[in-house]
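Some structures are shown below for you to check.
Two complexes come next, and they have one chain in common, chain A, joined by chain B in the first and chain C in the second.
The block that comes next holds the complex of A and B.
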């Protein structure tokens, strides 16, 4: 135990008298006159329901959150009337532009509306296990993606605890990211274990790279590294699996995962844009972060545990001629994944095309 | 400086060469030869789909997972081949009985299939058409303010622990992720309802925040879970059930029914976890009692939170008149006794029947029962 109550309440006569008095019908009603501001939130569009945007009202709204949250360190709901003695809950991320994104509220609402459950939303019965090299490749690819999803799930969990409660909508989005990635851990594992091959091999290079990403020192670095950089590549991976799928189940699994990852990428882009708009001086440090960290996506996308199964899935076999065709697909995949990442980075104000050390390929 | 990968991949020429060879179709395929257990998992029940329980097979399953995880310190999925060079992720919790719960895989699957949406699953238009009288409206807004304030602690606390658990406990991590989302949704729905009453948010609760800090600062996952899932959420579950009963409209009753099903899952995990701990790690028993001693001290101190107790009385009695208050006190007394009874009953069912004898909270409740009977 690290925190104790200020007293032993069982021996607090004042407390016993207070409660006895109230339960005798003598209410204090001290709270009755407290008002944070009278508002009435209404759905602006009944079909969409009552969104957080509809609740963006006066002192309660997210528009009212200041850049620096200096005087609120408890879990008191934003806009409620504060009282004395509220404890400090130890938040260390208290600057709005360190976490915020203009699209985060909409992304949270979307995450809830587009929920899915791997157990029942993927037609597992349609998959047939087999000894084919294709199924072995799929099992290896899914083993790799389960590893990636575990890290992607931990990234928001690692930070949410430290983020000030005033940023409620943002913290809620991080929770949505956690459940999205839990779903991916589940879905990729289930797909691997229906293959007839069991799980494949963990990836040393990918895990080294993922550990570096997970260890980012600040939230902006973590978000840039995981949501924008890694997210761009994982999004491209899901798209590749959907494109190469031979069954409805695999295509559905990959497209459902893709829409979740797309949200994280969208947040990553929006967050960096917001962050740099409010803290332009951070562009230098973040560009340096990418200079030293960008190599991790080569460790991930270039790992044999990912790339070789992709080549095989695209080739359909391990015949030499077919592998040549499969490798052309993989080259195009890598080139477009890098290109999309560069475009996103440029869009947020971090041009990478000239600075990046990631290999470029002739396709 | 944060952790740096053992190699900079762009400068690792053998790695880059291999990358280029793969992209020419020259594959090594050593992963195909990795020793593995070949299984084919299928849904046991087509209507339920493919569940984690269907995956409980051999080295991939949770049943055969050892009590101490000695081998895997990386993110290698449980059962995957682990080559040399995987990093150590510095997991702090590597003992199964510190985190595991009977049926955790079932709670996870249930959570995934029962996600709901606070934006669209509540009849907001219907609620809008009901004008609450001032006393009821203010009391309800105050109760909702309290609930908004406390819900996210059940996100922050489990999330804090997720990264400290060994990756082999991924079913528990996944459950934590669903709980984080459940609680975000609860904070959302209570906030939205408060802001739609016309009264806005009311007063924060210092006394309850002390309790949140206690939950947040637990030294171990087992302590955090005990105080959060079993004690705090257990008591909140009873509060939700009574809140459904005293809710001013049908739409509000639906709101409480939805949050209740999530909360019941969290309490279920807490109970099954404690049961697992007591079955597999009995030397923890004394530490559990010590933690509950302080947790119950906070519960009793919650009496200072007049901003929770009084709105409950007003809502129960449906007003501020003398006769309303008398009825409200009667219902609130019944609620509080029920809350305590259920809490001790849960502990007894988990294998802690002696808690009643040791607990000062139980003694105070017992005293109150005797006073009321007299």
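The block that comes next holds the complex of A and C.
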């Protein structure tokens, strides 16, 4: 549905006359008399530079955003002087506690400061054609992780336009998440293509599970499902790859990816804490969301396209005895990932230990 | 001229050891700046082999710097990494020999299933800082490769291997 400005500016004689006057030196200076808040932002710590926290000043600050944004639906910069006829952008998420997290501003600054470039920050030249089975497993694992990263990239993109731009730091963080995940798509893809095996096989169970997460009906559900639930397991996956790495390149790649995912998890935890602190009644609905959604973990982490490569990487070979050791590693990995997910869920006020149907394994 | 004796080696575990790491980090400002903001306070607890009191320190990081090394008691930390002296020694020996931890002796691997080192925390949000700043934390400990230090029994970490390089295995 297209939007058209109220005039064709080519045919707006009043505007053309105004422009002509200004270019002749006759300024209106209406903007100069606008009475916005007078502030002067300065870096509080020169090592960090000028951060959004330093700009959290009066009407310009994020502290001033109300719980319900009732009168700002255009792209006007937060704190600027509003005039009539500003277009409504149609934002549908206008409640602060539906999106906000107390740590989101710091996480945005952290995301920029801790950025990395897969092309040059991973010592690709150190990867040599190694054991074929192991490299095949790594290529499959990276194929799987590229699928996951694509969905993790798309989740914020699906919501960012619907969120009121008063929450500009939050929206910027969502964009940083997209950049993080674009980086993971790149990194996992490049790692698969350096293996000598090329990409592996797509996973039907993982993709269906990921689509279910992507199709969450509300932003709080989407954030809970992708940042906290999926993020907990992807973080654990990166951790396992770093622990199983045979080269510094693989260890660094997995560690740097893990750092990025951990920021999304931290936002997910902070977001749920903020959301439930302001809307405690939503705990029931979100617990029910997890009841019906946690099964996706099995579709993702239980898919052979993920689990078997992990077993082989942990085993180091396809020798039967070694595979048994690899399977033990995978069981312990899963158990540890579930445990950390339960801890995070409990910390935000959604206890899952007794309620969740996620399988518990003997380790 | 009177002979000038070399300064005695640092002792691990000790506050001086971590202060020396802090100085080494300052000398690597560019590298740590490249890794990005590093904001956490965490504890290290080294249990004594003889059942004595553990050695405990709190390490405070801000932006790109280690801004404090203090006694752990009374300090609010995001997490505490704890383990027996033998596990810490094995990690430091490997770092000293190789110039950096290999995969088996990285903090990530050592804490993975809590067998060699354990991570204690009250809030998972604090624990997740171990993941958010993983590479900075690892590279901080890797700086111990440059330190001249000895263990309580007077023994030293192994000399750097001739082929010492940053490698995973």
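Assume the second predicted complex is superposed on the first by the 360 of 363 C-alpha atoms of A that agree within 3 Å, B and C clash if a C-alpha of one lies under 4 Å from a C-alpha of the other, contacts with A are read in each partner's own complex, and residues count from 1 in each chain.
Going forward, a residue touches a chain if its C-beta (ideal position, glycine included) is under 8 Å from a C-beta of that chain, and two chains touch if they have at least 3 such contacts.
Given the structure is predicted, the values throughout are model-derived calculations rather than measurements.
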On the A-aligned overlay, A:239 touches which partner chain: chain B = first, chain C = second, or both, or neither?
second
Name the contact category of A:336: first (chain B only), second (chain C only), both, or neither.
second
Is A:262 contacted by the first partner chain B, the second partner chain C, both or neither?
second
For A:124, is the partner it touches chain B (first), chain C (second), both, or none of the two (neither)?
first
Report for A:115: first if it touches chain B alone, second if chain C alone, otherwise both or neither.
both
Between chain B and chain C, more extensive residue contact with chain A:
B
Which partner does A:48 reach: the first (chain B), the second (chain C), both, or neither?
both
One more residue to check, A:92. First (chain B), second (chain C), both or neither?
neither
Just checking: does A:36 make contact with chain B only, chain C only, both, or neither of them? Give me first, second, both or neither.
first
Would you tell me the residues on chain A in contact with chain B in one complex that are also in contact with chain C in the other?
48, 109, 113, 115
Over in the complex, which chain A residues touch chain C? Could you list them?
45, 47-48, 103, 106, 109-110, 113-115, 126, 235, 239-240, 242-252, 255-256, 258-259, 261-263, 265-266, 269-270, 332, 336, 340, 343-344, 347
How about chain C: which of its residues touch chain A in the complex?
35-37, 39, 63-65, 103, 106, 108-109, 112-113, 123-125, 127-129, 131-135, 138, 166-169
